[in-house]
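Quick one: this structure, given as structure tokens, is what I'll be asking you about.
Labels run A, B, C and D following the written order; every chain starts at residue 1.
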Amino acid sequence: MSDIKVGVYVCHCGTNIADRVYVSGVAEFAGSLPNVVVARDNQYMCSDPGQEMIKKDIKEMNLNRIVVAACSPRMHEPTFRKCLESAGLNGYQFEMANIREHCSWVTEDAEEATEKAKALVAAAVARVPYHEALYERFTDMCSRTLVVGGGIAGIEAALKVAASGNQVVLVEKEPSIGGNMARWDKTFPTMDCAACILAPKMVAVSQNDNITLHTYSEIEKVEGFVGNFKVTIRKKARSVEMDKCTGCCLCYGKCPVKVPSEFEAGLGTRKAIYIPFPQAVPNKPVIDRATCTYFKNGKCGVCRKTCPTGAVNYEQEDELLVEEFGAIIVATGWQTFDPALGSQWGYGRYDNVYSAIQLERLVNASGPTKGKVVMKDGRSPKSIAVLHCIGSRDKNYHEYCSRLCCMSSLKLALLLKEKTKGEVYNFYIDIRSAGKGYEEFYNRVMEEGVHFIKGKGAEVIEKNGKLVVRAEDVFLGKYREVPVDMVILSTACEARSDAARVAQVFGIQRSRDGFFLEAHPKLEPLRTATEGIYIAGCCQGPKDIPDSVAQGAGAAAEALSLIAAGKVKISPVVAVVDANKCAGCKICLPLCAYKAISFDSISKVAAVNEALCKGCGTCAASCASKALNIKHFTDEQILAQIKEVLAV
Amino acid sequence: MRYAYYPGCSNHSSSIDYDESTKAVFSALGIRLIGLDDWNCCGTTAVSSVDPLVSMALSARNLALVENHGYETLAVTCNSCYSMLRRAGDYCRDSAFAPAMTSVLASVNRVCQGRVAVRHVLDLLVNDVGVAKIRAIVRYPLNGIKIAPYYGCLIGRPKASFDDSEFPTSMDELLSVVGLEVVPFDRKTKCCGSTLMTSKEDVALALNEEILNESVQRGADGIAVLCPMCHLNLDAYQSKINKKFKTSYNVPVLYFTQLLGMAMGIGEKDLGLFRATGARHKLLKKVSV
Amino acid sequence: MKTVGFEPRIVGILCNWCSYAGADLAGISRIKYPANIRILRVMCSGRVEPTFVLQAFASGADGVLVSGCHPGDCHYLEGNYKAFARKELLETLLEQMGIEKERFRLTWVSANEGELFARIVGEMVREIKKIGPFYLPKSWMHELQENKHGFHAEEKEAAVGGGVVER
Amino acid sequence: MFENAGVINESNLDREFVTQVASFPGGERIYSCLQCGTCSGSCQMSYAMDYTPRRLIEMTRVGMKKEVLSSKAIWYCAACYLCTVRCPRQVKLTEIMFALKSLALREKLYAGKEDSPVLYTVFLDVLKRFGRSHEGLLMTSFAMKTNPFRLLPLAPMGLRMLAKGKLRIIPARIRNVEEIRRLIQAAEEVRP
């Protein structure tokens, strides 16, 4: 391999690497390795001067392989590939040694780190002689976008994509879009009514010709890859034929079954055939088969008899749709923490302990009490405690801060003060009011006479027939027992209970808190590890409305920039068969999850369809004749790396 | 079925009736409790306050004895002993202090690997024996009697065990199986003050007053307890509480094993009922009616 | 066998999507772990053939760690299951060769489990330190001199497994 | 220094104190406290304490060793662990209280009129003699060391218990008391 000319570049990354790794020593060592023509170190290899240095060396020294020892290839591999290409070298004649994330940042001892860096560089240098020039290809793609979840983030994403003239399918699990925001009364810090700003958007979705809406539907399966996803959508049987139903509401007036309403957080009731809330989109009912008398014992059928258009159809079955999409936006949202899990707060034990979401319904003019704040016995409360951080900032439940509950608690406190004119106490650890107009809002709530007690509400207990909140007033350093008529628990925002299943369907990873994991915590907040699948809103972590809307719009931009390109890039890292070695044993065929390997019955050898192959290498690992290999991850390359990484 | 049995110091004096009734109930269920030979005091809060490691070592010695005899399970009646022994097991098994514990025990030729399952008798009755089996041998259901279930603080702390740390329900279940009406009780696991009754009497009396108060407000005829310390404070100090708070509590306080035993038809003597120092006759009278 | 001051050398072969990213996260979070491990990247743990593991031992590794996505999370649908299927056979083979089971581990580490990755490395280093360095069996030396580029197809065939080779 | 003056004298602070407390079993999480006051709000004795539990944690971290170890608050802890199970940062407060009490005893910093240190010490003495506790002996020894008159109101209760067989006159002694003594001594030697 006398024609191999390797250039090695060791990055200081400011002090990130140089603090632990003796960088110039590593460069000097690299210079002594076989095939290495030049080895240098530089402050920042990814900077313009760093890249220029590589380009200049390629031209002047006729280098044909480049090794950069710097950060993770997951960070800057594309950067350096481009750099090589602009100097006339194929981007795959390149290897990165990860001496930052895997070395300087994780090693205490500088000497050990330097030795480790040398080994990693040596392995990379040993690998590159086996590299080949590889070329990316492009394939056609589908221009439709799938949006999963019809909360405010999903609605925003769907509307933005649709506005570009591209087709969108919006899938929502519940019978109506609107999500959690549809349940709120007012929104902080402006106190404008949630329904007033959300309803027009919901209507816009139903009226947009570019949006196909599937409510009461779920995603069953996602196959394929970026540009060409094949998605199976299950449209659950609504038992009401949408095209016949006029939304006249006669059916549920007559329905004899009453069950607690999910939308009213258990405070009100609904029928077995119901529209979840008055502004629902679509404004057509659904039968809840689990509680419907007809479905339980075959008797009743009142709604069918009542319906003037014959829209009620008990025999309707689930429908499976298989559709193609270029991009997918997942905006499946969040749920509230169940405060009954912390028995000390008395939820479920005392009548007048409410969750924040219940209070939202209580203060809402269309809620179960028509907006009146009353206790279970109908009296108006004279004193109310709002307990912050229920389930948040608590290692026993969720360690993270739920971010939106401080402001939501302030909003609720203000509404309570206005509606009851009573004493309102906020028990808090810290007030987190970072956001436009948020601190000003906090000040306003204080000035309205709401009490703030710094100290987490430790417990709610009944004493002589009255609720008592026990807490320390941290500022005073004194224990307090505050008697109140009503307690509001400001519950955490948590990942949905089905998040694990949804993540598996879409191939999304989750962070430790259960929310979906973004591709990069700072620079790729909307992407996931799977190309073409984006996330927006609270499924990624707690967010308020402005942030969710911004993410919905951002995810739309991601999807559109993919679609606008019209083509998707296919990685050249694919399997390849050496027909001379292939024994035709067919072992590889069933191993391929993408059915990319076929058997050529004429030549009696395996053949790889590069358009289908994703380059995982499972086939190569299992080929007994060594006929299968993965480009850029060949046996030779990996074995050379293994041997050399241990030689130092 | 058989278990090694750790009575604890109180069961040999102030709570001898707890010891007697526990043995009687287990014997009625055909379970042997094998007294641990040469057991020592667990150390409890007192020694932990002087030197936490000494109390852990004392508890661990008991576990070493159990391991040495080859028993897997140690039955414990007292909540404090229960909590101490469980913690000691954890310390020996996996903690930063495990090596220290090993060497301390080695100095007296003992080994504790923390393998023993330390279990409260309530846990054994609910989860090993099961309510069905207990229901089957109830002969005189204690119908018409309202009882406040008071678990005491250490039944599920510092680590939840077989039941919730703050709102356990297993004794509720057991007591309703023998016909008792179990009243809702918010102060189920609020502390009785334990040894503070000796050194900080005013505070401890107030704690017990709150518990007695709720039991009366809930209309309970008595309180069921499962810890000698709770029993002593709630029962023997009632007159002091009445004097201090100008109240007139006359609340029977019984070990849950005594109530079970009564329903099973075990004799008063075997249940140690004659040893009552407090207001017990009130409830007993109701039973005999 | 214990050796004073023995620092084991461990080769880590990590999948790009989960474990490599998890190891990156350990770095980003500045979690310190022993420098004994040298990490290689493959696209999927399904790519790891037993030969790689054997070659690592032959080249002087005291331990080999293979790590992929958690079951159900594989970026390539089921590559990690294939890796798992091979594990048993590989372990049997290693056992027959007299290689202690502590020296080889197949783990699942996701992209957000930086801490877990660091802990696994720490554990492995501790365990291997206890059993001491790995000495190449004499019979292997002969094989190695025979071929410079790793193992021949015959050994590979014996070691592929995962329901792939009929034995 | 703390209660009377507006300024903390920095040179009086003991920076090692928190390290010392953290080295006790269960003390290590003291650094995680976020000062939310859940402990104090949960503690049924808070109202009687001179410093709330949360404040003791912060004072310990700041280094106010003398004030913490001579506080009344630490002797009010009944070790019910309610603060520990509720702490959102999983600080093991009860264990930290044990550590503080233990240090107060060792360094003899507790207030002279405190009864608890005497009670706990007497308890350990009884244990060293018999291997088990004995309520009668404990009470009498404790009363003799603090205030013998406190026995008087207890006497009727004691007699009643004696009559019902709930109090033994002669303490039970375990066979291997010598072993217990050696065990205690060995444990005392390894303490933090």
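One rule holds for everything that comes next: a residue touches a chain if its C-beta (ideal position, glycine included) is under 8 Å from a C-beta of that chain, and two chains touch if they have at least 3 such contacts.
The model shown is predicted, which means the values in this text are computed figures rather than measured ones.
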In this assembly, which chains make contact with chain A and also with chain C?
none
Please tell me whether A-D or B-D has the greater number of C-beta pairs in contact.
B-D
State, to the nearest whole Å, the distance from the C-alpha centre of chain C to the C-alpha centre of chain D.
51
Measuring centre to centre with CA averages, how many angstrom lie between chain A and chain D?
49
So the centre of each chain is just the mean of its C-alpha atoms; given that, what is the distance between chain B and chain D in Å?
22
Note: chain D residues in touch with at least two other chains are none
Shared-interface residues of chain B (touching two or more other chains) are 166
Would you pick out the residues of chain C that each touch at least 2 other chains?
none
Chain pairs in touch?
A-B, A-C, A-D, B-D
Going by the contact rule at the top, pick out the chain D residues touching chain A in the complex.
34-43, 46-47, 49, 51-52, 54-55, 86, 88-90
Partner chain D, residues of chain A touching it in the complex:
344, 389, 393-396, 429, 454-459, 470-474, 477-480
Give every residue of chain A touching chain B within the complex, in rising order.
343-344, 349, 461-462
The answer for chain C against chain A in the complex is residues 9, 11, 16-18, 20-21, 23-24, 26-28, 30-33, 35, 38-44, 46-49, 51-52, 55-56, 59-61, 72-73, 75-79, 82, 86, 110-113, 118, 149-150, 153, 156-157, 160, 162, 164-165
Spell out the part of chain B that touches chain D in their complex, as residue ranges.
9-10, 12-17, 38-41, 43-54, 56-58, 61, 83, 91, 95-97, 100, 103-105, 107-108, 110, 153-154, 156-158, 160, 165-166, 189-191, 193-196, 198-200, 202-204, 207, 236, 240, 274-277
